[in-house]
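These notes concern the structure reproduced below.
As written, the chains take the letters A, B and C, and residue 1 is the first residue of each chain.
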Amino acid sequence: MGADHAEINRHVRIYLMVFASLLVLTGLTVAAWKWGPAAVGPTIAVALLIAIVKASLVALFFMHLSAEKRLIYWVLALTVAFFLALLFLPILTASNAITL
Amino acid sequence: MMSDGHHEELPFWRKYIFSTDHKVIGIQYCVTGLVFLFFGFCLMMLMRWQLAYPDQPIPLIGGLFGDARAPGGIMLPDFYNELGAMHGTIMVFLGVVPLAVGGFGNLILPLQIGAPDMAFPKINMVSYWSLFLGGVTMFGSFFLEGGAAQSGWTSYAPLADIASSGQTAWLIGMIFLITSSLLGSINFIVTTIQLRAKGLSFFRLSFFCWAQFVTAFLLLLAFPPLEAAGVLQLMDRLADTSFFLPDGLVISGEILERSGGGSPLLWQHLFWFLAHPEVYVLILPAMGIVAEVIANNTRKPLWGYRAMVYALIFLGFMSFIVWAHHMFMTGMGSTLATFFQTTTMIISIPSVIILSALLLSLWGGSIRFNTPMLFALAFLPMFGIGGLTGLPLGLAAPDIALHDTYYVIGHFHYVVAPGTIFALFAGVYFWYPKATGRKMSETLGKWHFWPSLIFMNGVFFPMLIQGLYGVSRRLADGGATYDFAGSVGPLNRMMSWSAWGLALAQIPFVINFFMSLRNGKTAGDNPWDATTVEWAAPSPPPHGNFATEPVVYRGPYEYSVPGADKDFVPQTQEG
Amino acid sequence: MLIPYVVKPRADTGLNNGKIGIWLFLASEVMLFGALFATYLMMRLGSSDWPVGTTYLDPRWAALNTIVLITSSVTMVMAWAMSAKRNFKMFRFYMLCTVGLGLVFMGIKYIEYTAKFDHHYYPSTNVFLAIYFTLTGLHGLHVLGGMIVNSYFALFGKKAYNENPEWFTNRVENSGLFWHFVDLVWIFLFPILYLL
């Protein structure tokens, strides 16, 4: 009573396309670093942007998130909210410190 | 059929030691938690001797501690610090949480949702033994050269970075404990979502189940940053990194030979990111227990159940963004201080909603003053004092005067000791019949309750006064060397005698607990005439819990329903 | 003892127990690595002379490792697909590829680490190296953990697969989710540590 073979084959095609995209994007990451903007700010922005696109592809397609159930989405949304708090509040606090 | 049809009789070590049955694991957690509560209590009693009679030899047992800790029986300051750090660590992580979450949660949650067990029984077993290993590590650390951790339960850098090897053991112990909690929280969440019986919608869940559910999310998402911080501190201690060590640190007149570039504040942020939600982990299961006991012993539904549930969810969410109110004195600028002060004030609202709803639930009730109810009733004003005394601490301005004083210690002990621990006692008396099939003695229960209530206040109320006078916490002589604190020395002695009285008041409880196993009155399935699903199972429940899968027909608190033939209608009763 | 929804999904959530369990675990892992990224941020923003990645690190090895992990994610998801199509032989093949690529990843990490030590670059040298070693070290431990679980399924999974192929496939999927997460963390680690 395996799952629908045609459905799986369709998925496999998508996986291979995502694979190709990820390879291209990895190349793009290195290219952007070598020949991209020189200033620190834009370099970071470009690198993170590409990383976010790659991560999204992995999450949506390899991890089947594009077709997941609502409960999982809620858990992840909650996690992302707290992740952002963890990432930014210590920095903001340090930058708002009393200096002599 | 929910119970195991195979009837293969498991060998003793798989039935009682490495069991995957949530009830056995729950009892393992309860026993471990109670043992560590007792041990942590003993550590505190030693501290209280030093506070009451500074630099006098500890009577009777003073010789046991050796010259490294108490030469001539007189407590050295480092020993006092060791006792303080380990008292806090053990009470929070090895006492209250295992009892409240691992113990009561495991024992009661599957029964209250009509499930045969937790969703992942093997992982449940691993989570208990992880806790056990953590406990062994923490206890064993006392025997290391240099003693156990002694940098406060908060393990602030840079002190904790350079402390003796007991601190490394603390970090390793914490990793075991955190692993235990993470595995447990996954189990609780999946079990609550997936294994509810037919007809048991979320808003028909008992408040206890809701409390455990929200608590599990707090543990799941707040503990990992402390685990990361623990790894970083281990790196500082073992690989000579400088995550928490700033440039140019001078220790005992010598410059520390490290790369520097780190931040002690980073440790505080990562620590308190967990430790603030952790205090809600300490209180929420207690509120859950109190809610159950109050509804049952007023013979009335809980007032404002829905509001309480929404308040619980909001509280859980807010608990993640208030943490730096523990750090107001670290040189924080006014913008962020205002942010954290505001979120802290906001988070008091759901607490008040829950406490008020519990109080209002008493109005017009047919109150039965049995032992669980006495503890549950006492919880209300005690938690009230604890909560109210938190307000000036959560506001940045008054916190300037109160931070790191005895006021803080008084505040949080009010919430945890006559707060949570009283609720846990209520839970023990309430669910003991379900777990063992016997009732505890009411007489011994009252002998336990009344002195405990009096002595709890005797220990902790004067701390609020001392703190307002400015007496700092973590002083090995109790503030005796400070002029202004000299006048509160008699208070120290009164508190210590109350603490020792509190110890004596636990004797009826211990006797009751063990004696009733043999001699307690036999309890039927439902000795309290309660409505929730666990009382539909036999006392004690067999492996698999219910003979047939329960079906739920109504909400959890259908007491005194007009027209019903009894003053309670069980959730699982048809029609 | 019959615990429901181990394999079949519950109607109102549409999920089986293990799927929720693994996503909850991944949520906790997001917070774990999140704390380390927050550490990186705090260290970097508090430093006046933060070294650019290439001062100590060689991006070529790391770029190769990125491709290795991405490929291993593909073989991992193929392993799941083969199990779903009830082709155990191909499942085992792809699973062993995944483990093999994980081994390559660890091998390259070994080369990198020993190169650092040869140059006397240790975690204690400065905060950049400290956070580099800690982040990649913890990540490496996760790769190792995933490799162990995947090896177990590949080498000892036949019995479980034969008894209950649907449950087995679900467990492979859950293991895959962990593996993809580990890949995901690396996708951020690579540019952040090596390129910026």
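What we mean here is this: contacts are C-beta pairs under 8 Å (C-beta built on N, C-alpha and C of every residue); 3 or more make two chains touch, one makes a residue touch a chain.
No experiment lies behind these values; they were computed from the predicted model shown.
A.B. asks: Looking only at C-beta pairs that count as contacts, which pair of chains has more of them, A-C or A-B?
C.D. replies: Counting C-beta pairs in contact, A-C comes out ahead.
A.B. asks: Of the other chains, whose C-alpha centre is the longest way from the centre of chain B?
C.D. replies: Chain centre farthest from chain B's centre: A.
A.B. asks: Any idea how many Å lie between the Cα centroids of chain A and chain B?
C.D. replies: Their C-alpha centroids are separated by 38 Å.
A.B. asks: How many angstrom between the C-alpha centroids of chain C and chain A?
C.D. replies: Using C-alpha averages as centres, the distance is 14 Å.
A.B. asks: Among the residues of chain A, which ones contact at least 2 other chains?
C.D. replies: Touching at least two other chains: 71, 78-79, 82, 86, 90, 94.
A.B. asks: Going by the touch rule set out above, which residues of chain B reach two or more other chains?
C.D. replies: 193, 221, 225, 263, 266, 269, 273
A.B. asks: Can you tell me which residues of chain C touch two or more of the remaining chains?
C.D. replies: Touching at least two other chains: 13, 15, 20, 24, 27, 31, 34-35, 38, 42, 46.
A.B. asks: In their shared complex, at which residues does chain C touch chain A?
C.D. replies: Where chain C meets chain A, its residues are 13-15, 19-20, 23-24, 27, 30-31, 34-35, 37-38, 41-42, 45-46, 59, 63, 66-67, 70-71, 73-74, 76-78, 81, 84-86, 165-166, 169, 173, 176-177, 180-181, 183-184, 187-188, 190-192, 195-196.
A.B. asks: Quick check: in the complex, which residue numbers of chain B touch chain C?
C.D. replies: Residue positions touching the partner: 1-4, 115-117, 119-121, 182, 185-187, 189-190, 193-195, 220-225, 227-229, 231-232, 235, 239-243, 258-263, 266, 269-270, 273, 543-544.
A.B. asks: Can you check the complex and tell me which residues of chain A touch chain B?
C.D. replies: Within the complex, chain A contacts chain B at residues 71, 78-79, 82, 85-86, 89-90, 92-94, 96-98.
A.B. asks: Touching chain C in the complex: which residues of chain A?
C.D. replies: Going through chain A, the ones touching chain C are 1-3, 5, 8, 11-12, 15-16, 18-19, 22-23, 26, 29-30, 33, 40, 43-44, 47-48, 50-51, 54-55, 58-59, 62-64, 69, 71-72, 75-76, 78-80, 82-83, 86-87, 90-91, 94-95.
A.B. asks: Considering the complex alone, what residue numbers of chain B touch chain A?
C.D. replies: 193, 217, 221, 225, 263, 265-266, 269, 273, 317, 320-321, 324, 327, 330-336
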